[in-house]
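You will see two complexes here that share chain A, one where it goes with chain B and one where it goes with chain C.
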Partner chain A sequence: MMSRRRSGPWKLLAISVAVCWTLLPIYWLFRLSLLTPADISSFPPPILPAHPHPGNFLNILGFDYTLVSGRVLHASGQSRQIILGLKNSLIVATTTMLLTLAVVVPLAYVFGRMEFRFKNALFMSVLFAVAIPPVSTLIPFYTLFVALGLSGTRTGLVLITLTLTIPFVTWMLIGYFRNLPPVEKLAAIDGFSRLQTLLYIIIPMARSGIAVAAVISFLFSWNDFVFATTLVNGSDATTLPSAASAFLFQQPEPGHMAASVILSLIPAALVVLFLQRHITEMNLVDPVR
Partner chain B sequence: MPALRIEKLTKTYGSFTAIESIDLSIPDGALYVLLGPSGCGKSTTLNCIAGLEDATSGRVLLGARDITRLAPHQRDIAMVFQSSLLYPHLTGIQNIRMGLRGGKADSAEIEARISRTVDMLDIAKLLTRKPGMMSGGERQRVAMAKAIVRDPSAFLMDEPLAALDAALRQSLRADLVHLQKQLGVTTIFVTHDQVEAMTMGDMIVVMNNGRIEQVGTPQEIYEHPKTRFVAGFLGSPPMNFIKGHLVLIDGAPVFRARATDIVVPVALLSQFPADGREVELGIRPQHLGLSDERVAGSVPATVYAVERLGKENVVVLEDEEKRTLRALTDPATSAKIGDQLFLIANVAKGHIFS
Partner chain C sequence: MKVSAVMTPNAGRFVRSQQLSNLQFALLLTLPVLVFLAVLMAYPLGYAVWLSLNNIQFILGQPDIEFVGIGNYIAVYQDLAFWHSVAISLRFTIESVVLAVGIGLALALVMNAAGERSVLLRTIILVPWAVSLYGTGVMWFYLLSGQSGIVTTIFQWFGNDRPPNLFSPTTVVEFLAVGNAWNMAPLIAFFLLAGMRTIPTRLYHLAQIDQLGAWGQFIHVTLPPLRFTLFVFVCIATMFSLKMFDYINIMTRGGPGDASTVVPYLLYDISFQQLELGYGAAMSFYLLALIIVSTLLLYFAWGRYEEAA
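Right, the complex of A and B next:
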């Protein structure tokens, strides 16, 4: 009990540091997205926006906005790309998530709970795919995709993202599946076939782990920037990070850039919020409490 | 006709033989305990009966039916697993109903059976709980209910009490036996715990290295172990073994260990001619007496430790070859570590093993 009391302030400090570390940049961006151009250029920069307004968000979505001062903020020239990017990002991330789960759940189950020949060698090859830097496969993929007509398409982007999410999420889920209790024997006595056991017993039992796998694969795809800039930048298949990055190369509009980044945070935050219960529930050592 | 019969059951994994040509016949309504150390093949035997593993050769018959090649759920058996395994994501009643999938009985009969079982095991308040919210004993009762509602011809239990704490295990042992007698369903119970086997079994089947060493009532197994393994495996503290030779001195068979000659009753020697062969004399700790003075046939030993159990003491000794021997004495013994004592064996209660 003594040690617990003494660790109190330190624990608080550690939590504060962690919270500031993650939230300060987001706060700074959010503040930037609400500032008027005049406030942005003032010095010292205001901590809180004096006249918060939704102009930047409307601008990047293609609408003009008139400030109280009468000044008109014009719609951004990048708005078409931003809207396309938002739509594409949602499509690409959702597709990646669904395909990843469809492949990874049976794969991780087999690796986690069955014995077969060459299991170790096959498992190592999955791990190898996690170990190599994604950028190293980018150029070969690019040439391949150009030849196949897949560059500048959502299909191409989904395919290349799967090469990251599948091995990574498999690796993550194997341990989770391995720690489930040995219900296969129970299921066999109750008359379930192997496939039925996976579908009707294991998947419902493992829903927390699978939910986390879904979040991770969605966010992997949603946050991807490198693949997107290389494969789909400037095309009709552009994603939100790639479209938002264009603000870096135009006449400086910090408010627009901040607004587009905040916009890109929203769906990801919603996914995490929606699956939050499962994420906190997932305990890798004892998957089912 | 026996309820369950196993004929020449063999299971091999590649070049490893898990069980070898096992024969066993279990009468209707009996509780048989398969006992043995881990890796002895007892769980493999059970899994072959359940159909969770395919027998390499041999037959399993339930009543007149050959079930050797049937799928587990077609065999008319119910199984309770280690730690009373249940589906962790389902409630008590959902778990119980899982055992009834594809059953032949009509729904009215099933409901009646469920409510009867729920009453019998007093688990009404557990039906809406998930296994994570039940204690070990409660999980055990729900797992039993799941097995009972199937109304099987045989129960198979694979160390259901293994993961529970000692006090709970003790009360559940009695509950299980009571229930089994009440239901009168043929039961095979697998355990590595000799106390569980002794207290629960109508008959004990001692297994080792994939073979059956001995089948008998708990009393028979304890008092007349057929092999050195059975003698050493059952009993706590374990039986003492003294190495020596059987020789004839003046026409009387004598067990000669190092410098000590122990005269052995002829009854013990029915299978062993006293021709100088090497044998082991097995003596249970309660049949070893301690003496301060050397007498004929006593074995010198040094006290290594004294374990006090309240109603008796276990004196652990080392003989001159540093082999451990244990003697049970009354709690008043004054033996201390380092004392030189002499062990006197009550040879009439001993066993000779080759």
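Right, the complex of A and C next:
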């Protein structure tokens, strides 16, 4: 490759641009969550918060906060929903993740590594499910869930999110499974049944792919906004995005809005960071070719 | 284990039954899921078909249902607002896909150049992927909109009190696409990086012997093994951009005027605000057709050559 000395400054510049591009929108909102009400309305918008304070975060979690100026920022009326949403989001996203994994791993294995009749037809139906826009199934799902008593429940939300995660994650994993080394014949000679081959050989080999599938399904569920606002908004099963949407539409409050978005980013970012190294191993193309 | 397999008296039948059970094993693992998906998807789809064949109006909260056959489909076809939203959707999608894949490729090159050990850099670059679509909408709204945006601040430094309105009817779709690309690019970058890691370094040495410049190396060594991954992500980005609703709802609510009214937003407006359920359902099948046709076009124009390679 190029000599280190020649590429040094350019590389540094490229890295700085990439980092700025990535962090600027997040920083701008984080900054907003630290501003005092007076600073928010000041013009031009400040780059740095002049008097950073944790008031917005405390408010949405149900605590009052007194600014240095003596002004009291009152706990948000939405705080009960936010805390409930945090709890429900964790439950719903973890459940969705586990169920998706249980279903998707065998599915992707079968599609990626076996030849059988109807494979293409079945595969096409999976792709078809990826193509369906949520907006068009929203009303039917809503009436169905009202009839079944599932609206406003976490079970309903998990079920509906599975219809998004299963097809998409399967699609992502098929290429990955196809690239694993061909061990089935050897395993069969060693007396492994197909199921044993899958459980004891393929799954340990496919760790990275499964980890990525886990993050993708967790994030899909954690970040779902459309289904959550339709199915569980205002109920005891509310999730963080649907609880936070109140700051957008019903009682616009930029500071609280910013704080709730940053709050919802933290667990998602932790999951992503934790599993980050696996994603660089997700090669979709056969390395031999 | 090996011994027991050899000792099995029915070794011959074992092999035959294994060949037979390929379909059976596949069905055993996949059928429960496929049935679950089919039931969970078939009902809403069937219901949407039924809705689309009826004219549904709410009079004093009571639905008034009248069967109109394909009348709704004809009405959508003749609806200028619908075709306007198709044009906006295509513009938003093409711009989003080009930006997301381009930025994804650039981020992957940066991470690849930075080397194996730059964990912090990779961690930072991946973060936007963890941001939800509504979160992306909120972030880019506050970053770009006039009253609270960074552009206003920067213009103020140069003594200009009147910053440009980025969300004007002529440019709003472009700025929506930038935010969308910001959210999608990290995942693309990581999958591309995974592909780049498998390129043997000796190919770069050979390229140097052939006196290829940095650009030549990129075109002839780095890019070819990434083409399939690129195709997959162009498809994903196309589908997701055509379906995009929550992000646009938060950023612009389809505005100003109808300048960013993409099909999913128009659909939402018709079904949820105006409660024209039949008409909205008919339009949603046009959207589904648009998504499927776009993906098939991509496959026939590009994807089928990549798979064979």
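Keep in mind that, in the parts below, the second predicted complex is superposed on the first by the 260 of 289 C-alpha atoms of A that agree within 3 Å, B and C clash if a C-alpha of one lies under 4 Å from a C-alpha of the other, contacts with A are read in each partner's own complex, and residues count from 1 in each chain.
As a working rule, a contact is a pair of C-beta atoms (placed from the backbone, for glycine too) under 8 Å apart; a residue touches a chain by one contact, two chains touch by 3 or more.
Keep in mind it's a predicted model, so treat the numbers as computed, not measured.
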Chain B versus chain C as contact partner of A:L32, first or second or both or neither: second
Larger contact residue set on chain A - chain B or chain C: C
Which of chain B and chain C A:N120 touches, first, second, both or neither: neither
Which of chain B and chain C A:Y109 touches, first, second, both or neither: second
First, second, both or neither for A:P204, with chain B first and chain C second: first
First (chain B), second (chain C), both or neither touched by A:D190: both
Touched partner set for A:P182, first chain B, second chain C, both or neither: first
Where chain A meets both chain C and chain B, residue numbers: 188-192, 289
In the complex with chain C, residue positions of chain A that touch it: 1-2, 7, 11, 14-15, 18-19, 21-26, 28-29, 32, 40, 43-47, 103, 106-107, 109-111, 114-119, 122, 125, 127-141, 143-144, 159-160, 162-163, 166-167, 175, 188-192, 194, 219, 222-226, 241, 244-245, 248, 254, 257-258, 261, 264-265, 268-269, 271-273, 276-277, 279-285, 287, 289
Partner chain A, residues of chain C touching it in the complex: 1-2, 4-5, 18, 21-23, 25-26, 29-30, 33-34, 36-38, 40-41, 43-48, 51, 103, 106-107, 109-110, 113-114, 119, 121-136, 138-140, 142-143, 147-150, 152-153, 155-156, 179, 182, 186-187, 190-191, 193-195, 197-198, 201, 204, 214, 225-226, 228-229, 232, 239, 242-243, 245-246, 250, 264, 267-268, 271, 277, 280-281, 284-285, 287-288, 291-292, 295, 309
Chain B - residues contacting chain A, complex: 50-52, 71-74, 77-79, 81, 85-89, 98-99, 101-102, 132
Residues of chain A touching chain B in the complex: 181-183, 185-186, 188-192, 201, 204-205, 207, 288-289
